[in-house]
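Consider the two complexes below, in which chain A is the common component and chain B and chain C are the respective partners.
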Partner chain A sequence: MSRQPYVRPVSKTTWYMRNGRYRKYMLREVTCLLVGVYCFLTIWALAALAAGADTWNGFLASQQNTVMVVFHAFALVYFLIYQAFDWFKLAPKAMPVQLGEKKLPDRYIIIAHYVAWAFVSLFVFWLTGVI
Partner chain B sequence: MAIAKKAFVWGLFAAGGTVTAFVFPVLIALFLIVALGIVPEGLRFENIYAFATNWVGKTALFIVISLSLWHAAHRLRVVFHDFGVRMDNAVANAVYLVALIGTVLTAFYLYKI
Partner chain C sequence: MSMRQMELEVMRYDPEQDDEPHFQSYSVPCEDDWAILDALNYVKENIDTTLAYRWSCHMMVCGSCGMMVNGEPSLTCKTFIRDLPDKVRIEPLENFPIERDLVVVLDDVMEKLRMAKPFIIRHDEPPPEDQEYTQSRAALYKFKQYTMCVNCMCCYAACPQYALDSSFIGPAVLALAHRYNIDSRDQGKSERLDLLADHDGVWECSFVGACSEVCPKSVDPAAAVQQMKIDGAKEWWKQKLGGGKS
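And now, the complex of A and B:
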């Protein structure tokens, strides 16, 4: 009486293509590559800043081309959809707020995140003189 | 020990994820504005230098960059697993090493400014 459990074959490399939710998960997870790119781009900027005015202006000039415009525009839209907005949506699951017997409704936590995000963004734009 | 280590790594991941969600859209937008050929007032050398010389500016830059690096490193470790790479120890050492190098470089350049 040997038992032969059926093991459904699942590809280790393409499993997320079977289901929309898995695909969305993978689209979110790969945002870490964008985070890495922008971290090291910012570190490069800091290195240029530490080296003096000429190097800093050279760095700014090196960033001003069509390829970078296309890359940043794509990165901005992708990052907003798959990391920023997703993170705000998950926030009430990760940090539920308990009020006595009840829980604060999810939408208040999500709205608070959007308000804080708008505030942070406007503050940075104000700080850098964009607005 | 294993649990303590996991909590530490996951704590950095969560903190970094929150930082990236709040700060990276505006950071990418700034790079986009510069790429379009416009240099905002605050990114001219004197102004950005003054910001990065100030300890508040230094602290803000260090926290944002280092937490984001550790967030990305931890997520990349999981991404490797999801794409079928099963050498978790080697992957973990590699991605956390890159995050560590980035953190040290950030501290070094901020110290030099």
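And now, the complex of A and C:
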């Protein structure tokens, strides 16, 4: 008897359409594009800041149009849903806490992350004079 | 007991005849409490003796009956027809080559299992002849969940990373390696980390958790992989800062 295993082809371009789980995976992976754009914006902002007040104000002005506002809003929501919420939800898996023979319930670890996030945000707001 | 007529669309592949797989339909009178595996056994016994598939225990222990049921990696002995529509599509586990019909080639993961060194490694003296390595219950609970794995490979069929690149070591093997790494009796962690923290190891995993969602034994391999990433990173820093291995 001869062996002749059949390898099912995997499309390099549309493989993730196979099921909902893979589509979700891709939605998460493409956040890297937003991260890329954000890195670019940050470097641009720093360069503008270093170049002096005029350039800096020019940079700020360039961000104050509908396209950029929509982009920032979209990026924020996308990051929140696909990175922050998802990550916090998964945190207890990456960092399980066992006290004696019992596992600390996941929700405590998740809540701790949200609390830490709130504190860091408040600190940043305080630092930047928002509050 | 009431009966239900089910239509099974089964993927067939005969390496001696076929160039590629095709689907064959069987109409099966199923009893209410049947699992998909019972329906396949009915086909084999009454309709078509040439159908090839693996199974052994019919009780979620041997791990050999994993297949795609309506696109979902499943142990067919615990996938009940009462939870499924009248028409069910059954395929061999995805991401593996097909040997024949519903039987897949598992050589790749078998080789990887060996690489993970799934046994207790000791560097100290062994305990005296009449004694054992003792372990507290708390220490056992740290890894007990990972010992439930039955090597059904449903997690590999679900993993998008493995689908794209089969050099990725993959969920169940990583979970098994982690199981030994966090066993209080084991001292082989650094040996396994060297192997598993490289580019085909844990860093390939993007933590979407498809593996854990489909695991019929609630092993949660995604959790193991993430914990190994943290361990791997810690080890890396230790080596950078301390100049040696722990």
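One rule holds in what follows: the second predicted complex is superposed on the first by the 129 of 131 C-alpha atoms of A that agree within 3 Å, B and C clash if a C-alpha of one lies under 4 Å from a C-alpha of the other, contacts with A are read in each partner's own complex, and residues count from 1 in each chain.
Assume a residue touches a chain if its C-beta (ideal position, glycine included) is under 8 Å from a C-beta of that chain, and two chains touch if they have at least 3 such contacts.
These figures come from a predicted structure and were not determined experimentally.
Using the contact criterion defined above for the overlaid structures, shared-chain residue A:V130 touches chain B, although it does not reach chain C. Considering which of chain B and chain C touches more of chain A, the answer is B. Of the two partner chains placed by the overlay, chain B and chain C both lie in contact with A:Y16. Within the superposed three-chain model, A:E29 lies in touch with chain B and with chain C [touch as defined at top]. Common to the chain B and chain C contact sets on chain A are residues 16, 29, 94. Residues of chain A touching chain C in their complex: 1-8, 10, 15-16, 18-19, 21-22, 24-25, 28-29, 90, 93-96, 98, 100-101, 103. By the touch criterion stated above, chain A contacts chain B in their complex at residues 11-13, 16, 26, 29-36, 38-43, 46-47, 49-50, 53, 56-57, 60, 63-65, 68-69, 72-73, 75-76, 79-80, 83-84, 87-88, 94, 116-117, 120-121, 124-125, 127-130.
Against chain A, in their complex, chain C makes its touches with residues 13, 15-16, 18, 20-21, 71, 94, 97-99, 105, 137-138, 141-142, 158, 160, 163-164, 206-210, 212-213, 220, 222-223, 226-227, 229-230. Of all residues in chain B, only 14, 16-18, 20-37, 39-43, 45, 47-49, 51-52, 61, 65, 68-69, 71-73, 75-76, 78-79, 82-84, 86, 98, 102, 105-106, 109-110, 112-113 touch chain A in the complex they form.
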